[in-house]
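The data blocks that follow each hold one structure.
Shared chain: subunit A. Partners: subunit B in the first complex, subunit C in the second.
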Partner chain A sequence: MLTRGTLIYISQRLVLIVFTVLAVSSAVFLGIHRLPGDALFNEHLHGTEYQNVLHHYGLDLPLWQQYTNYISGMFLHGNLGESFVNRGVQIAPLVLREATVSAEVGLFALIFTIGLGMLLGVVAAVRQNTWVDYVLSTTSVIGYSMPSFVIATFLILFFAVWLDNTTQGAFYFKIGWTGTYGSIGEIWLPAFALGFPYASIVARLTRASMLEVIRQDYIRTARAKGLRETVIMVRHALRNALIPVVTILGPLAIGIITGGVIIENIFGIPGLGKEFATSILNRDYNIVIGVFTMYAALIGIANLGVDLLYVVIDPRIRY
Partner chain B sequence: MAATAAAVVVRPVTPVQASLWSDAWRRLRRNRLALAGAIYLAFLIVVALVALVHTPYPMAGVAVATPYSGPSAAHWFGADNLGRDVFSRVMVGAQISLTVGIGTQLIILAVGVPIGLAAGYFKGWFDSIVSFFVNVFYGVPDLLVALLLVVLLGHPGLDKIIIAISVTRWMDMTRLVRGQTLALREREFVEAARASGAKPFKILFGHILPNALGPVIVQATFGVPAAILFEAFLSFLGLGVPAPQPSWGSMAADGLSAIRIAPHMVIAPSIALSLTLMAFNFLGDGLRDALDPRSRR
Partner chain C sequence: MPTPILQVRDLRTQFAADGGVVKAVDGVSFELYPGESLGIVGESGSGKSMTALSILRLVPDPGRIVSGQVLFRDQDLLQLTGEEIREIRGRDIAMIFQDPQSSLNPVLRTGFQVDEAMLAHGRPKRDARSRTLELLKKVRIPAAESRYKDFPHQLSGGMRQRAMIAMGLANAPAILIADEPTTALDVTVQAQILELLGDLNRELGTAIVMITHNMGVVAGLCSRVLVMYAGEIVEQGPVEQIFENPQHPYTWSLLRSIPRVDALRHERLRSIEGIAPDLLQPPSGCRFHPRCPFRIEKCFHDEPRLQDVAMGQQAACWVMMKRAREEMGADKLIDIRPGAASGVHPGEIA
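After this line comes the complex of A and B, so read on.
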């Protein structure tokens, strides 16, 4: 599977990701530096003290010099500068760690989305026009109409507040993470909230394409050969029904990564999204640029992963 | 016998004159979910209009009730952390959500439709440029770009939010109109119009657009809840409409921090928001089935 062509394709895509990251961080850098206001405003610094801090961050240089310093620092040393608010905190290791946390949540959400969505879609298609189908179809419209933070809220109300009250604190979901990375017990609820709207979309798509596939001649052939129904559905129908579903994986991955901004803030997950909201409200512009740079890289890599997945699922596709 | 047979034959068969729109309306009326959605939205619009002139309590009126107190006869949805009446704030929130949703779609219609028409009709270099930008915008994460735009546009406000959402969501409409135009421009009635000397402007807006109106309306109907959701996200993160303006998103965020002692603070705006999004989606589904019966899945 990992042919020479695939490797060339991957390296081309990686170069493209580097250029995207460069473009995104340049745009954000220049945009942010045009903003009025001052990240150091709250410190009430005056005179030489103020000048010293400006010099420390290189903010006394002309803009073009700041920009070239920033870009060369990023590409030559992997340096994204220093936080304005927490002096001395280097941004690159910070956002890199946070990106892996976000990726962890996103990956769990993605697995959950695809697993649940496909399962519901297949069940609805097999039981087409029965009450099972109607219940699942209506649930999926409700699912994609509910914003993830509303779903998260109701999950918290049930699993954290209500369960805690009814079991006298013996069994409930504890919000917030104890370590850098979440354990399964800490991650399943945020992943569920993040993935549920997308699971509904996957379920709808799977149902529609399953319905199309199970009318094909080769399914009838499989039945005529006397194969068991589960084998027909899983090995013959589902595999082909997956192809249209796979095409939405790209937007899905982007949706889960951006949706993470909200979910991380609700569940207190120390990922990129939480940092993003905090740094914008703190006017910690260096971190804002860093977070955007990381997001651009994360999305580029997620898209590449999705494109490579196409090859696994649809053998007709070659790069 | 003969008399009854004659009576059957004679019964007047008036051909029902059904235009596309009355036909669509008939189909829409039969779709109960879509109808329920439309009724809810009509109700919501009335609420938003009433909130313009009257709310039970001033939406920013602090300490009109005991802070965090639950629903009561005087305060239907209870009070929030500052003792403001949640019901009044949900009413004004409806106004903000509908303004953002409809305002965004009006901008997207005003921009996306002409660009899509021109790109599909003239093709060539203009189409290439438009298609390039559409693809670029499909590749970027819209929520993040909207967040960045809100930050870069400076002081938060309803107008900034509408602009930010329009910039990140214009391409659905443009792509749709372009595709419709590409198909319609080859049809005989367009050729006839061109042969009779109609100017491109007249062909685009007089002949092609009316025939593409159905999908455009459906797209706009689905665009409204998407924009409302965006605004709620932005406000939830504290980057939406500035306080004390009550957005459903910011109300939910306020409520989330008091979820143990005052769950009504988060439940009321969340349900209002979900119902609104659901109503638009059901209406959109119904309109799609009504306006384009062939696309029935």
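After this line comes the complex of A and C, so read on.
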């Protein structure tokens, strides 16, 4: 499966990601310097004290020099600078850790999206035009009509507040995040809220695609061979039905990554999305650039992953 | 006469459509003898494919087999449970289809798809694989080992149909139903596939049911033929006899529409006037009467039944070609419009 062509393709895409990251960080760097406001404003610094701080961050240099320093620091030393607000805090390890947390939540959300979406789609297709199909189809319409933050609010109301009240605190879902990476018990609810709207889209697409596939000649061939119905559905129908699903997985992955900004803020998850909001409110511009840079890289890698999935699922596609 | 291996009795398969019921197969009965190769010919929509699919209960939705019997080794396939018919499919009766491009699963390796036919009937995996390689060689696929690993899109059309045939023969079935297996292939490959099927029929003794619209295919492969029109059998009998002396005007017209190498240079190719009937509202009486040059008044309201016309040959017609030749000059007929030879036109009937 990993042919020479595929490896070449992967390296080309990685080079492309590097250029994307460069373009995004440059645009954000230059754009942010045009914005009014000052991260150091609240510190009430004056005179040489203020000049010393400016010098510490290299803010006394001309813009083009600041820019080249920033870019060379990023690409040569993996250095994204220092926080304006929390002096001495290096940004690169900070956003890298936060990106890992976001990727973790995103990955769980993706598992919900694909797993739940496929399962519901296949069941609805196999039980086409029965009450099972109608219930599932209605659920998925509700799912993708509601934004994830509305779903998140309802989930918190139900699992954290209502369950707590009705069981007198004996059994309820604790909203929170312990340690850097949280725990399975803490992650599934935000992941579900984030993934559910997309799971609904995947379910609808899988259903339609399954209904299309089970009319194909090769399904008739599989029946004529005497294969069992479950084998026909899973091995012969589902694999073909997934090809269009993989196609929308790229945009879906991006939706999950960006949707994480809201979900992380609702559930208080210390990920990239939370930092995104905090850093903008603090005018901590170095972190803002770092967050954007990480998002660009994350989205690039997610897209590459989806494109590689094609090769796994459809042997007719080779890079 | 030996006992037939397959007996189809009064089979009726219907489709619910918007304007009523389409009777795709309407009271078809025939026998298939062990090791025989039987052709079923007819135009598109004559019900030949649906007859074949009904035997294995593979009729697509919204089609339903409404009545009849399909007796195979003394059991009625139409009465079996889902699991019982599944065991028959591919093991005792196998089927191959028209377009090998769309009939093979694009995401599975060709060899594995042949393996599956055996795995489905309990053969161990390693055993299945070595038999697949043997089969691929038997159907004359060169470099079978590397073809085993290829995906269908990496094979040529003829190669794919050979792989389909290998799949069909995997469990050494008693009957192989071939639904227009050569239609999607080009002419030289068609000939190779027919030759292969003929050889396998002789060597392995597998009975073949060949569904086709091509009289040439029937002539090359089959010993007996059924001619279907609008969901019914209109004529059946040994191939030589039917070719030499067709008794149903439809069979006669079909045979006249084949280009012949030995024809006179200026002789025109004869088509059949009109179009295939709408099965939602099939014509009254004999279903061929709206297109038949030899029709008589009786044909408009009375449906003819199959009757013996020669040794082993039956036809369903009120006139029969014997009379058409003697009384209506069928052999020299140029004008083949409906009623042209008999002079019976609808307006005069009323």
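Going forward, the second predicted complex is superposed on the first by the 319 of 319 C-alpha atoms of A that agree within 3 Å, B and C clash if a C-alpha of one lies under 4 Å from a C-alpha of the other, contacts with A are read in each partner's own complex, and residues count from 1 in each chain.
We adopt the following convention: a residue touches a chain if its C-beta (ideal position, glycine included) is under 8 Å from a C-beta of that chain, and two chains touch if they have at least 3 such contacts.
The shown structure was predicted, so the numbers you read here are calculated from the model rather than taken from an experiment.
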Item to complete: Would you check which partner chain A:Val28 touches, where first means subunit B only, second means subunit C only, and both and neither mean what they say?
Response: first
Discussion item. Just checking: does A:Ala297 make contact with subunit B only, subunit C only, both, or neither of them? Give me first, second, both or neither.
Written reply: neither
Practice prompt. Name the contact category of A:Arg239: first (subunit B only), second (subunit C only), both, or neither.
Written response: second
Worksheet item: When the two structures are overlaid on chain A, which partner does A:Thr221 contact: first (subunit B), second (subunit C), both, or neither?
Response: second
Discussion item. In the overlaid three-chain picture, which partner chain does A:Arg316 touch, first (subunit B) or second (subunit C), both, or neither?
Written reply: second
Item to complete: Of the two partners subunit B and subunit C, indicate the one touching more residues belonging to subunit A.
Response: B
Item to complete: Examine A:Ile156 and indicate which partner it touches, taking first as subunit B and second as subunit C; both and neither are also allowed.
Response: first
Discussion item. With touch defined as at the start, can you tell me which subunit C residues reach subunit A in the complex?
Written reply: 56, 58, 60, 82, 86-91, 94-95, 97, 99, 102-108, 116-117, 120-121, 151, 153, 164, 167
Practice prompt. Over in the complex, which subunit A residues touch subunit B? Could you list them?
Written response: 28, 31-32, 34-36, 141-142, 144-147, 149-150, 153-154, 156-157, 160-161, 208, 254, 257-259, 261-262, 265-266, 276-277, 280-281, 288, 292, 295, 299, 303
Fill in: Touch list for subunit B against partner subunit A, complex
139, 141-144, 147-148, 151-152, 154, 225, 229, 232-233, 236-239, 249, 252, 255-256, 259-260, 263, 266-267, 270, 273-274, 277-278, 281-282, 285, 297
Fill in: Contact footprint of subunit C on subunit A as seen in their complex
215-218, 220-229, 231, 235-236, 239-240, 313-316
